[in-house]
Amino acid sequence: MLSFASDYTEGAHPQVLKRLCETNLEQLSGYGTDPYCESAKQKIKAVIGKPGADVFLLTGGTQTNQIVIDTVLGACEGVICADTGHIACHEAGAIEYTGRKVLPVAQTEGKIAAETVEAYLQSFYADDNHDHMVFPGMVYISHPTEYGTLYSLAELTALAAVCRRYEIPLYLDGARLGYGLMSAGTDVTIADVAELCDVFYIGGTKVGALCGEAVVFPRGNAPKRFFTSIKQHGALLAKGRLLGVQFDALFTDGLYFAASRHAIEQSDKLRKLFAEKNYQYFIETVTNQVFIVLENRKMEELARSVSFSFWERIDTDHTVVRFATSWATTDEQLAALESLL
Amino acid sequence: MLSFASDYTEGAHPQVLKRLCETNLEQLSGYGTDPYCESAKQKIKAVIGKPGADVFLLTGGTQTNQIVIDTVLGACEGVICADTGHIACHEAGAIEYTGRKVLPVAQTEGKIAAETVEAYLQSFYADDNHDHMVFPGMVYISHPTEYGTLYSLAELTALAAVCRRYEIPLYLDGARLGYGLMSAGTDVTIADVAELCDVFYIGGTKVGALCGEAVVFPRGNAPKRFFTSIKQHGALLAKGRLLGVQFDALFTDGLYFAASRHAIEQSDKLRKLFAEKNYQYFIETVTNQVFIVLENRKMEELARSVSFSFWERIDTDHTVVRFATSWATTDEQLAALESLL
Amino acid sequence: MLSFASDYTEGAHPQVLKRLCETNLEQLSGYGTDPYCESAKQKIKAVIGKPGADVFLLTGGTQTNQIVIDTVLGACEGVICADTGHIACHEAGAIEYTGRKVLPVAQTEGKIAAETVEAYLQSFYADDNHDHMVFPGMVYISHPTEYGTLYSLAELTALAAVCRRYEIPLYLDGARLGYGLMSAGTDVTIADVAELCDVFYIGGTKVGALCGEAVVFPRGNAPKRFFTSIKQHGALLAKGRLLGVQFDALFTDGLYFAASRHAIEQSDKLRKLFAEKNYQYFIETVTNQVFIVLENRKMEELARSVSFSFWERIDTDHTVVRFATSWATTDEQLAALESLL
Amino acid sequence: MLSFASDYTEGAHPQVLKRLCETNLEQLSGYGTDPYCESAKQKIKAVIGKPGADVFLLTGGTQTNQIVIDTVLGACEGVICADTGHIACHEAGAIEYTGRKVLPVAQTEGKIAAETVEAYLQSFYADDNHDHMVFPGMVYISHPTEYGTLYSLAELTALAAVCRRYEIPLYLDGARLGYGLMSAGTDVTIADVAELCDVFYIGGTKVGALCGEAVVFPRGNAPKRFFTSIKQHGALLAKGRLLGVQFDALFTDGLYFAASRHAIEQSDKLRKLFAEKNYQYFIETVTNQVFIVLENRKMEELARSVSFSFWERIDTDHTVVRFATSWATTDEQLAALESLL
């Protein structure tokens, strides 16, 4: 069946898979010490313009959030996060599992404002009882957000400024970073991300890899013994090559960006399609996720021929659904969808 | 360079990789809900003869040990383990990280005897202070062990009997299970493992997969919400297909066993080679790991032309090293090694 | 200086201290196995009308919340709590420290409604993604609440009914339970608490003890190995007598209730005082905590002669402050305060 | 019945209890901010000769070990400890509960040698795989040990030297420190302890207090936010005065040392008694714990008239038992015991 359910319905980008096949019988050392991991890290450092960065390759997004947040936070610290943030809602308590509190704050379309963070921090330190409370020790944002929206460079810069003023790191969850960077509607580059954030990850799973996320500490500021922490969290792959070869392929000849751009082009077409048919947007996005409000009857009718994601119920008759494109979305799929709308 | 360093130096078995390629562009649902995961589970249940088993696919060995032990243990319980056991020594404290104590006991060539476990349990409950201590709540064994040795069916049966008498589960770490099952020197079948253990895993990473371990609760006895626990530990892959397709391939037409048998055949040749050249064994094994005592001068000489694993220093002049074969080891590699010995 | 800052500014009720002195040189066994602990537990079971209850004596409130919540919750479960609840705000993340998520919900004057809890539970189970989320596994309420308010019997009954329908335990934090039970404005008895809750604690620290909270599982439903869990959380006192003698004294001849009633009588006088002087209440309470809105100038003036607690800023000119009475509050102290108002 | 079962069978030293009574109705601020806590800390700093020390008052020994070890250890670190150490055996896994591994090493009569620690550290760093293992991050010793033995100044100095060479802290569990310091057989002063250790605690519970242990970071080297960590571990008392008044009394006019000396004098008499009656020592101690080997028949006979502690079974006919004296042991009790031997 036709599917726009998510950006992880296919396997790997063919070019990534090709490299896995080509290197398959090479005998390589384990645990990320192989030359492909090294090459991938070098290419990532080059593309973000931070030769002194620390780069680590992990397997999945929740795993990455859990390990980064747990190792970066200090004693009695929690992480400020949009109340719609992935770590606050949909990671089964993976952050709390490691003993860390998520500190949710209000958001707009998935984004938190520098002012919101500053107000939280001011109010925290103004409270005489704050020694009996969880210290805000990090700000977590996702870019694109869970609603497919993007921070502007000005917004990101303002957030980073607040974080630096209070000396807490800014962490950017880039599970779909490529789609954010290639969107026409953004003024944020990957170099900006590396400059403004203290740690971020470049999502692979949703952008062309079978699995894999590249964690970047742009100023060589990885926590002490991060490698062993990965092992301690059960996240170290014996065949680190699986991640190394994939990221090496993704960052060769700009594949990561090209694949992301393709998804954005397809989502632009998708948006045009919905607009022509007068569908109503729930949130206007410029990335690869498109949120549409459907009458329930229409939703059920469509669901017979195409997969999409249920997002949230609006009222008794209407529902928000998500259509996502990816590096793999074809024009044929879009044409097939058009005929159903 | 020629390498016998480990059984995870190559990527995936070609047949596994082929299936990843063939299914790559199929649009599949995420998080292990795809038909390949389902098919893999059905095939595993069939091969172990337990249609009511619960099967889950995870990514790596330490991760699997961490999640299984953490979710199976009850309040204030720890896990009995050989003092040489992987979880006791080489998992960076992943078990303790989740709040659980490893309770090491004496072993012989990596194996723990039923008598040792029984003595531990008797002595624990005979101690009036045991309410101030960590309760033994599980027995962990590896098969093959970290020394490449195997439990006999009688030994395994005796261990299971003690566990049942004390009502604690027996957990078998089968990171290299295939190599154990295909060894000429064993009387233990996979059906025996499923019958005698309360939980075990079938290792994929070291037996032909890029990554992946299949956890089996043979009597449908998975802990409540095990799926959510996987997520909470950061171990749930969005593209569960990566594991499903691989295990489906490994358990189609007996590939898992054929690949394992090949490794054993090559290790038998390897043993013959070493014997002919009068090398001294550290431990006599029948699985794919061969432990040899080398004079340090010889070790350094060999190391220039072939990779192997340093195991432990015996005295100032001698060192134990490990040579491992795998599903990928060729006769050409053995011939090349022979010329170096 | 005159102080109404809290209900824990003095040491122990004189009758409690007297018993500590009288029993001081008796040689008693440790870890709560002495006859005073036993006697205290029997008296508590009698007063709540639950002869089959399990009773444990702990040292402090945050400790009690941490241990009860951690041991009662099941796999991947969190605890629903008012967003103003003590565990959500002022326990330094003690709940999350043990790996458990606090699930905050909206409240009114510190109380959560049965409807709010039911809506949360319905919405949770209606969400197709709930297997990726933290399961609501308990409802935590405080009685009196952090705002000195009380649940009515009808409200408590409704909450208990929702909890039973969804098979999750209802836990009542009774740090100031005595003050709640002795208030003129309540229709809730301690027997009601024992009947409706699945676990609760009778606060000692704030009601006449030097330290100590009595945890009650009214239906003999203590989690397995709760004693060892206390030890594992570092909360087991060698000289358990310290808690046993105090609770034995508090539950002899109704001292716990008499001492609480005294505090309520004094707070009623305090309320009368404030009313006569036309002070404005922030929240109308019937327990031993009185919340007043003060002009900042007046607040600073008063603060020179009497201690009270800062609660929260209302606007640039007004502040909420708390005056608390206790078993130790004298008429002389009230007269001294009157002269300052 | 006559009891030599332990040094915590009585309540508080009468002088300590007197001060609790005298200060009982003073209105004091909470959470350790009262003047008695401050005074106690000043007196402790003076007596150890470290005016810049950080001192914190906690409630019990396991709690103290748990919090100190958890907050002092860094990423992926565990604590080296005698395999007979209290944290390794009798704290119900309280250390592992916080995610930390206890690293047991061989001991003699409860003591670990500097050479043992050095060998462990050398071997750890010599292992190429140590990045996959738990890093040794602290050395824990008890003084007196669990066997009542004492480190000599030379032994302590050697341990401290190894720790400094490897830059890991030395932590001394002084649950019975007073008894160790007042023993005739020691050349270690409290100033030596403060000089050689990086953190230690002065036990109150077993040396005259109802409860309480004073943690000392002699060089002002308390971990960041140690106060909030205490709260987060559920260990912060609202009425901190309970600890402050007791330690203030214990460190006024040398009461801590006088009470300890009394226990030692009584244990010296006890040793003389046993020697005169030709009882056999299990271990020769100079502190307040005396370990005797008894024929089982004699043991049962004695047990009818006097309480003592079962320690361990030696063979089918003989058992090790412990007799302990304390600040409370009287000559009458010794005379009564003599008549039974």
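Residue numbering begins at 1 within each chain, and the chains themselves are lettered A, B, C and D in the order written.
Convention: a residue touches a chain if its C-beta (ideal position, glycine included) is under 8 Å from a C-beta of that chain, and two chains touch if they have at least 3 such contacts.
The shown structure was predicted, so the numbers you read here are calculated from the model rather than taken from an experiment.
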Note the shortest touch-path length, in steps, from chain A to chain C. 1
Among the chains, which one keeps its Cα centre farthest from the Cα centre of chain C? B
Need the CA-centroid distance for the pair chain C / chain D, whole Å please. 33
Distance-wise, how many Å sit between the C-alpha centres of chain A and chain D, to the nearest whole number? 50
With chain centres defined as C-alpha means, what is the inter-centre distance between chain B and chain D in Å? 42
Listing for chain A: what residues touch at least two other chains? 76, 91-93, 97, 99, 131-133, 228-229, 231-232, 236
If you look only at chain B, which of its residues touch chain C in the complex? 31, 71, 74-76, 99, 131-133, 135, 223-229, 231-232, 236
Residue ranges of chain D in contact with chain C within the complex: 1, 3, 5-6, 8-12, 14, 17, 20-21, 23-30, 59-67, 91-94, 97, 205-206, 210-211, 228-229, 231-239, 241-242, 307, 328
Using the touch definition from the top, list the residues of chain A that touch chain C in their complex. 76, 78, 89-93, 96-102, 128-129, 131-134, 310
